[in-house]
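So, here come the structures, one by one.
Two complexes follow with subunit A in common, the first pairing it with subunit B and the second with subunit C.
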Partner chain A sequence: MSNYEAVIGLEVHVELKTHTKLFCGCSTEFGKEPNTQVCPVCLGLPGSTGVLNKKVVELAVKAGLVLNCKIGTYTWFDRKNYYYPDLPKGFQISQVFRPIAYKGYLDIDINGQNKRINITRAHIEEDPGKLIHSGGSIMTSHYSYVDYNRSGMPLIEIVSEPEIHSGEEAGAYLEKLKANLEYAGVSDVKMEQGSLRCDANVSVRPVGTTALGTKTEIKNMNSFRAVQRAIEYEVERQIEVLEDGDRVIQETRGWDENRGITLSMRNKENPDYRCFIEHELPPIELTPEWIADVKGTIPELPDARRKRLVEEHGLPDYDAGVITSSLALAEFFDAALKKYPDAKTISNWIMGELLRLLNARNMELSEAKITPDGLAALLELIEKGSISNKMGKEVFEVMFEEGKDPGQIVKEKGLSQISDEGQLSRIIDEVIAKNPKSVADFQSGKKQAVGFLVGQVMKATKGQANPGVVNAMLREKLAQ
Partner chain B sequence: MIISERDVEQLAFLSRLDLTAEDKIAYTKSLNAILDYLDMLNRLDTDTVEPAAHVLPLKNILREDKLQPSLDKEQALANAPEEEEGAFKVPRIV
Partner chain C sequence: MQLHTLSVHQLSELMERKELSSEELTRAYLDQISQVEDEIRAFVTVTEDIALAQARAVDGKRARGQELSPLAGIPVAVSDNICTEGVKTTCASAMLDNFIPPYDAAVAVRLKRADAVLMGKCNMDEFGMGASTETSAFFCTKNPFDPAAVPGGASGGAAVAVAAGEAAFTLGSDTGGDIRQPAAFCGVIGLKPTYGFVSRTGLISCASSLDQIGPFTRDMTDLALILNTICGHDAADSTSVSENVPDFKKSLVNDIKGLRIGLPKEFFGTGTDPRVAAKVQEAVCKLEELGAICEEVAMPHTEYALPAHYIISSAEASSNLARYDGVRYGLRVEAEDVLSMFRKTRSQGFGAEVKRRIMLGTHALSTGNYNDYYVKALKVRTLVKQDFARAFEKFDCLLTPASLATAFKTGEKAGDSLAMYQSSACTTPVNLVGVPALSLPFGLVDGLPVGLQVIARHFEEGTLLRVGYTLEQNTDQTRPKPGLFL
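After this line comes the complex of A and B, so read on.
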């Protein structure tokens, strides 16, 4: 790797959060029965003409603004011509010549260093239909099925400059892009539902040179982690090709998640899209007032929120970064903080237990049953000493799964911590009586023997004794 | 000649048109005639004229984001050359 530098540009497709499609009133709802959300416009039937969805324009402007782009005040649609079964009209309506947003950037954080990734453009385009291949993959299928529910869904394609130099940077860029668009309410940005998709253009060149190497386009990555891994693999592959004295072939390669490699996909002939202006759709003129109105609807963005968590609540920057990386997490934090005003403790539980369980179960926060009020109530129980921190974690897991009130869980599981000295005194006396050797050890100066005795008390109380109280009481009794 | 017979072959391929040898000669001729005709525009001085993206004086024709009924599945699939389990069935793609 040391003699080569990777040069990566990302193309991200994001589905805009509208009720209806780009040019027709068909529903955009995900996961419906195939071909039940289609009409003459999105089926590309002859004689049909669509009308632009106003919400798409507003969301695209909003997306452009949160990507720090300039907004095109006079823009229009173009046709990109090619034949493929997912594209019933024989052309895709896109913005080739005048994108609605251009010249933007996102700042990412790499090992504490700020790095700016420039964005070339963000343009509106329609999604093609969805292909389902009978034989599992396109190569092994004698025929395929087409579902046009997705045809005509509104997308923006966000194209970065080739200024990304590693899989890690690509991951950070995607995280930032996702968070900004999610906060702005532009898209659901769910990769698993296809509302965010990413292709990567990857090339390598010897360090110190400026000419771009031959690039490959990597597709079929279905998580940010996959994007990062695919890029890392592809960079290594290209370096090996060059080191062997061969040349990198310009081609499209698919990421094979199971094998962790990229594979050449059969190449379409050099695409010639013969783009021209879509004359059936009038142009869009965006007035400064309209743009300002859209700007006024943009809420606090991740960077500002992160700064606020650090400055107003004293959170470490790292914590604030993790919590604000997802809007749901940030809202959860704010809500919990209202009920239990100890930011760092809440942050510890979110970053520890909550994220651990979400990751382990591969869940979204919205699927977990725990509420911010519930977490606050749990933290109060721990603070009062009713339960130990360790028991708290057990209770947390039940809340996460079942959403019950922590007090109720403590009762049901018989978890409450015994701090009552009268009750503990009896148990401690029994333990002392049963372990004369340890008692003798302690009294002859081996102070660490008290640890064993505390352990015995914990065992006798099934872990419910307050260990601090037990320790103090034992020392007191043994000193007599 | 701006357009060669090779260009016509390529265009025909991209447009999925099967042209005979005579067709190719005829289209090469007529496409060049059209381009020559349009080339007259290059003789005009357009330095002070804004490029026109659209010829009609229309802009911002928009609709609200409101649901409209979609077609019935049967209607949607009525013109499908082949249909299976509610989907359009197409032959091998690559």
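After this line comes the complex of A and C, so read on.
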């Protein structure tokens, strides 16, 4: 295994966040009735003519900039010709010869080491429609449905150089790419809704050699985790093939999530796309001033924000990295921090409770009911000693599910903590009186016996006593 | 009154003076269609009901004293590659035999707004590929000057409809001479406007960078009226230009004194019928007599324009026609799986010439051939543009034959693609450059019309109108009458 090096290039398709499609006024809203968001242009009806959506150019330039790309000031569209029922014109409008963005990079963090992954290009293209087969594939199905709602949706395709060497690196690259595009407001980058899709070109070669091995293209991966697993599987598979003295076949392979393996889909027979310039659309000419204006609208990006959280708020770099990996989390953090100025405590609750619940329920932050203000209020209750940390977690979960005010939850659940010394003193005295053996143990030097006594007080108060206060009071009384 | 030989502006005046209603006019044209159509076959579809309804509506508007456009109530027809909402639009192909567009082409909208009366959709070469209207999947159209001769093409039906009195004017499309050559063959006026001056929205593409809609008319005044109606920016067409549209009627000036006219010698080459060349020479003498300065000019890349044009137009067409796959509309031939369905549909849906062009274009764009054919053709296109730019430094317009010969016989070139392609040698360079060009009748040779081609700079259609109008006012050669049908 260690004798081989994996060489991986990623092709990422990202749907741009526009209200209307690339060349027509049809809505881009996700999840509508099939074939309700279509018109002569995106259906490719004879005689239809499209007009470029300016917003697409703006978002594509923004995407290029946050991927550290150079921006082409004179670019154009080309046609990529092939036949498929989801492709209404028999060609896809793309940018083959002059991408709008090129020569970029993303820096990723691998075991504390910075690594730069170069980006070859990012170009604008239109999405085809969507096929739903009655059988396994189009050739084996009795019939297939086609939905053109997606046809003509604006995409950018981001192509990396083959400089990724492991599934882990691929995952880190995707996380970074997603975060940057999300921060810039370019895309929803939701893999489950198809607004981010990733194919991986994978090959292996003996360590120390530079020639590229035969690659396979891996498709059908529905999460970053799946990309990582698929790459890891495929690398091992290819090494095994080579070790057995066989050759890797150049082909497209599909990731089978359930079985955790890749399977041959079709031999890639290098289709001749006969690309040539799209004469029905004029070239895109951008001035440096316009590009600068677009640049001016890009907000703080994940790296800068992460740095700010470390430098200004003293968060550990790891925490800052996790929080800034998603714009929603970072915004949540900042909002909570405004109401409760203890960054590390907020971070602990986000990294602990919030992410735990989101992961457990497979939810997006936007779907959770808890608000930053709510978290701040909860942390204040804990700080004041009104409730214990443990109670706080219980309250947090209710807030996460129902979004109620923490004070109200505490009241409803009768969770408030007893810190009142007068009230506690009576209970402690009773516990001391009922447990002479433990008292004797403590007084004879077995200091741990106090734990048992604290436990008895907690039991007597149904867990509502402030354990810190109880501990201190017990020690004081026993020392007398 | 011979209503079907009068020009648009004459008919308009009659209606203006209430001596003629639009309905009467429409009925007269429908009568003419029913008399001649069986033999001449200019129409794929005659829209009698629509025409009569529109005509009555116009008469109503006129009765109410509404202000009307000069085209109001005028019988018009358009080539069957111009989309008309609710009216079958076939491109004269079996592939689209059942295609009814859910929208009007931009020019169809403009015609409707001008209250022109739609008589029907004209026959053409299939998808605009041909120079004789013989590649129509449905039938051949005949030349009104000689039923044994072709009307030219691809917009042959639209030329014939005007020549045979079936419509007062028509619109066709011109990719390599498809308006100008049939206009010359049928003795009517045809004009290919500057690329981008008339919206291509709703024109079913043959070759996107070359296609342009233009009119067929009976006289120059009509041409000005129609250009006033159809030219202008369309935000829905990215190739449409936002150039201001002048009032073209102002260019109808009977004066060409001092106008510099270039005579590109390459257009009078060995392939030119000497009798046609003699007629063009006669026109040159007339123009000089009227005060124009005519001189020979060299346009050295002309001989490469034709092959470059066929490579570029075939390449673009091979891609534009890929959408006809049987999935969404048009013909579908059922088969066991989707790939076979594609194959069978396209094999049965397209005629031989369309298949030939798709193969030529696919070949020219394929890996290994792309640089040798497509890119080289684009380079030739640049050189041809440079030839024109140089010529236009010195000349206000250029004069050539519109076709090297008069109309050939039906079937004469049908088996010889190269001969057919060469018949558009005079007109194809103009589409490569994108400039406007007029095809103007100038007398007859053995009973068949001869056409002059006048080419001007981009957006200088006015110069063409001026030259054409002056010739029209000073000779009797610009309105040859077919003996048949009229």
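Please note the rule applied: the second predicted complex is superposed on the first by the 471 of 480 C-alpha atoms of A that agree within 3 Å, B and C clash if a C-alpha of one lies under 4 Å from a C-alpha of the other, contacts with A are read in each partner's own complex, and residues count from 1 in each chain.
The criterion applied here is as follows: contacts are C-beta pairs under 8 Å (C-beta built on N, C-alpha and C of every residue); 3 or more make two chains touch, one makes a residue touch a chain.
Quantities reported herein were computed from a predicted structural model and do not represent experimental measurements.
When the two complexes are overlaid on their common chain A, residue A:44 makes contact with subunit C while staying clear of subunit B. Applying the stated contact rule after C-alpha superposition, one finds that A:146 touches each of subunit B and subunit C.
In the superposed model, A:83 makes contact with both subunit B and subunit C.
By the document's definition of touching, neither partner reaches A:445: not subunit B, not subunit C. In the superposition on chain A, contact of A:272 is made with both subunit B and subunit C. Applying the stated contact rule after C-alpha superposition, one finds that A:52 touches each of subunit B and subunit C. Contacts of A:138 after superposition on the shared chain: both subunit B and subunit C are touched.
Residue contacts after overlaying the shared chain place A:283 against subunit B, while subunit C stays out of touching range.
When the two structures are aligned on the shared chain, A:31 is found in touch with neither subunit B nor subunit C. When subunit B and subunit C are set side by side, the one touching more residues of subunit A is B. Residues common to the contacts of subunit A with subunit B and with subunit C across the two structures: 40, 43, 45, 51-52, 81, 83, 85, 138-139, 144, 146, 272, 274, 279, 281-282.
Partner subunit A is touched in their complex by these residues of subunit C: 81-83, 89, 91, 96, 99, 101-103, 105, 199-205, 208-209, 235-239, 315-316, 318-319, 321-325, 327-329, 337-339, 342, 362, 365-367, 370, 374. Partner subunit C is touched in their complex by these residues of subunit A: 40, 43-52, 79, 81, 83, 85, 88-91, 138-139, 144, 146, 272, 274-276, 279-282.
Against subunit A, the residues of subunit B that register as touching in their complex are 10, 14, 16, 53-56, 58-71, 73, 76-77, 79, 82, 84-94. Against subunit B, in their complex, subunit A makes its touches with residues 18-20, 24-27, 33-40, 43, 45, 51-57, 74, 76, 81-85, 97-98, 131-132, 138-139, 141-148, 266, 272, 274, 277, 279, 281-285.
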